[in-house]
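Please read the structure below before turning to the comments.
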Amino acid sequence: MKLRTKMLKPFRKVPVLNAANVLLVENEEHLHSRLADIIVQNEKDVNITVRLARKLPLPVENQDSRPRIDLVVFIVNLMSERSVQSAEQSVRYLDSGFFLGKVCFLVTGARCLSVSSTRLLTVRKMASSLHCPLLFAEDQTSEGVIAAAVRLLGILKVAAGLVPFATGLSLNSVTHCILPSDLEQNLDSPTC
Amino acid sequence: MSLLFNIVISVVLYVCFTSLNMDDVARTLLQRTLRKIPTRKLEETIKKWSHLSRRQQQSLNYTQSKWILLQKLVSFCEDNELTVRHVSELEMIYCMENPNLGTWKACHLTDAEDDATSLDLMCFKEQFKSHLAELTRNVSIKIKKHENETIWIRIAWGENFIKPNHLKPTYVVHDLQTPYVFICNLSSKNKPLLYQTLVLATKHGSIKDAHLSGRNLHAVRDLLMGNYHQTFPTNHQRPLEEMSPPPTHPNIENEHKEHAEKRQQVACEAFGEGKVPKLETATYTLETRFRGGGSIDTLVDGEKPFRTVVQFASTSLLESLHHCVSSGIADAPVSPLLSSITQKGRNYFVITDKADR
Amino acid sequence: MDVRSAVSTPVTQYTTHRRSKSYGRTFDATSRFCYTPGQLTITRIQTSRETAKARKITDKVDPEQVALLVKKEWKLSYVTPLYQFRHTKLKVYSRHLSAFIMAEKQQGMAVEVGLEAGFKVTFSTVLGMAETKDDAETVFIQIHNKPVFASEGDAPKVVWSGWLTCINGDPEYLQALPPEFVSLPLFCSSGAESLTFLVKSWFERTFDCSFGSMGLDPTDLHWLAALWTGCHSENNIRSLKLVWTLPSQPPLDVSLTVNAQDAWDLWDKVRQQDSTDNSISIEEVKRFITGIESHFFRHFKVYLSAGVLKKVSTALGSVHLDGKIKITCSDYMTTVLTLLTECAILKMPILPGC
């Protein structure tokens, strides 16, 4: 019962015309405000709002002021075990309705593979078991951050239904993360 | 009688090596000291030292390479027939200006006698010298006053028939009328001698380790005396903008804004803000029962302590810990073990489980 | 552009990658992904290992040679298989490498320095180190230098040493190599960086191989922490020291030194839960490390998982995440080198056609 009130639901609020809302979840708070700045500045036609969070569940007291969320982005820094753990825990507080094209994972720090190869695997397993896209971003350069923001903006517009003839679900079905088949058959049942 | 004998010996030895024209020890000490002083601070230090004539000082060109400069300085000192005592004064001047060259350990004087507060510099100086001379032979002591009431003591230790070693002196800093003493570079052999002398000279009953040490003397002192800006839980009137920059765009909203502000507040309460004392390490000896959580706890013998030593190290420990709390690497409320560093002015702790177990 | 697209495209095109042959031991689906420019390779990682057993390595190997390998910190690299390397031609290699170093050192030097005052290289085989018939014998290299102004009687000093080894290398991988290749995947070096560079470039030119730096995975450090702790009953480890670096500003180093007996007791308790005698599973290792981390968290409320485990050390040896190892006790050398050989093979890019 308690869990249910904490769950973030995709369709609780009525959508607003010509608006899109994205929730960026990042435990370290390194990247999300930089991404948010670029996302809101890059878009002139649509009214975009960005909500920043460290983790889910979101504070209950903000429930009324929070608009309908069209896309949830989990930013995972592979350099930190805690970042991966936090994403794993946060995912549980999303209503299943989100997983129909309203969630994606954004991974940073994948260049330093010596530290992060097992974590990358964990995130890939999680993304593929939830049928979500997995994006890679370079957070060390401003070009990398801009590129990541532009990609998120594209996905957000589709997820918010602002692109004619495209839906979040259809985009998701072609972009979601897949593990190579020989790994998949050994894969344990999804843990998240 | 034995005191008199000691003094005679020291005087004889002292005469022995002051009569030499700049002996090897003096030369080595001079070179080492000069090498330690960076060129930009050299001019100022030499001026303060005032053992070179005005003409000699003017003929020095501080834009020259340090090597040439050092050659020149050494030859001037030879000309002036300066001795170890003069040179050690130079070292002391530099050390007083830059007290970050070793690890300072704080000690706490306790059981003050009634007249301890009325002690003046001259009296202390005399007492200290005579008490130490009574305890050991062949020590070379220099006492200087620095700023207000701060006393600096430089001790070069010797032994029965060994001259004082000026290359490894102990420094002691004490503010009269405070119960704290700061010591740098003291060997365990000389520790009881110095402790006893300090207790007698400051008119206290005993002295104990304050469990605080650091490379920055000012930081150690400030932390111990609470002389720095610390936010207390009652202080709520700080403008919020100062703590977290406002969002750059009205369309960006932080869900955990209040949490972030709370964490910031908690961090300031525990570790101070702005310019905090620069401490390098904190060490904890844990002798508590194992608390690994989950199924392991039940396996491990609950009565036996799990002995570990934990050390936190950073170029500025309090800043690092502050950042850990404000960024969420550490959970709020702050662990009492960590906040004890500022609250108790210590950075060495032994932690055991409460006796009620 | 190429590189960027490889990094930022969604991972949906994993059907064309190559995969190394599977190992013949225990695995699960846990695999390690390794990017090499333009392609992705997957190799399996180990989920269980044998416990470290003390073995007098000096019974098999010349103690003098073992003494050269222990108590020194080695920088680790991987090496791809060496083309037409022969253990019988070490004398020739010594001459060639000496000449190569001299030639490189003299470049840009106005005055020619006599050969007698220069570098002398010796290659030698460390017989008996190999564990299986597929392992090639270990090769040890020393570079001596006689300073230019040294007097007649001065003995040349060892200025650099290094070795290439393969201990319990994956048999399937080794057997699949064409016969003209010798695989000594682990390269350890100690000495001036400039000499390491010269040695590497000579090897690359002579044996058509390539070197790469070998950072370790935190999991490798966990393994070694557990393996070394397990040795305490036979060989005193004095203490188990773990060092983390947390990304605060300025960075915070946290070191945790566990009393040897208490560390062993904990490890023993963790092991008893589900252990078949001489094999350790990754779950046990994880439980051990997590236990220590949570004990720390209960006291300080600081999340060590937010940072990186940088170093593990005991009296038996120490290992650094950047790829540095020091083996102090030769009795457990085989266990440590088996793990490192495996890492080296995993780190190696797998070239098309191998």
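Miscellaneous remarks
For reference, chains read A, B and C in written order, and residue numbers begin at 1 within each chain.
Following the convention adopted for this analysis, contacts are C-beta pairs under 8 Å (C-beta built on N, C-alpha and C of every residue); 3 or more make two chains touch, one makes a residue touch a chain.
Given the structure is predicted, the values throughout are model-derived calculations rather than measurements.
The central chain here, found by comparing per-chain C-alpha centres with the mean of all protein C-alpha atoms, is C.
When the C-beta pairs in contact are tallied for A-B and for B-C, the bigger tally goes to B-C. Distance between Cα centroids is largest for the pairing of chain B with A.
Our note on geometry: chain A versus chain C, Cα centroid distance of 38 Å, whole angstroms.
Mean C-alpha positions place chain A and chain B at a centre distance of 51 Å.
Per-chain Cα centroids separate chain B from chain C by 42 Å. Within chain C, contacts with two or more other chains are made by residues 247, 303, 306-307. The set of chain B residues touching two or more other chains comprises 327.
Contact of a single residue of chain A with at least two other chains is seen at positions 28. Put simply, chain A touches chain B in their complex at residues 23, 27-29, 33, 36-37, 40-41, 47-54, 58-59, 62, 65-66. Taken together, the chain A residues at the contact with chain C in this complex read 28, 79-83, 85, 110-115, 117-118, 120-121, 124, 133-138, 144, 147-148, 151, 174-180, 182-183, 186-188. Put simply, chain C touches chain A in their complex at residues 4, 7-12, 14-15, 17, 19, 28-35, 42, 45, 214-219, 247, 303, 305-308, 321, 323, 347.
Listed in rising order, the residues of chain B touching chain A in the complex are 247-249, 251-256, 258-259, 327-328. Of all the residues in chain C, the ones that touch chain B in their complex are 246-259, 262, 265-266, 269-270, 272-273, 287, 290-292, 294-296, 298-303, 306-307.
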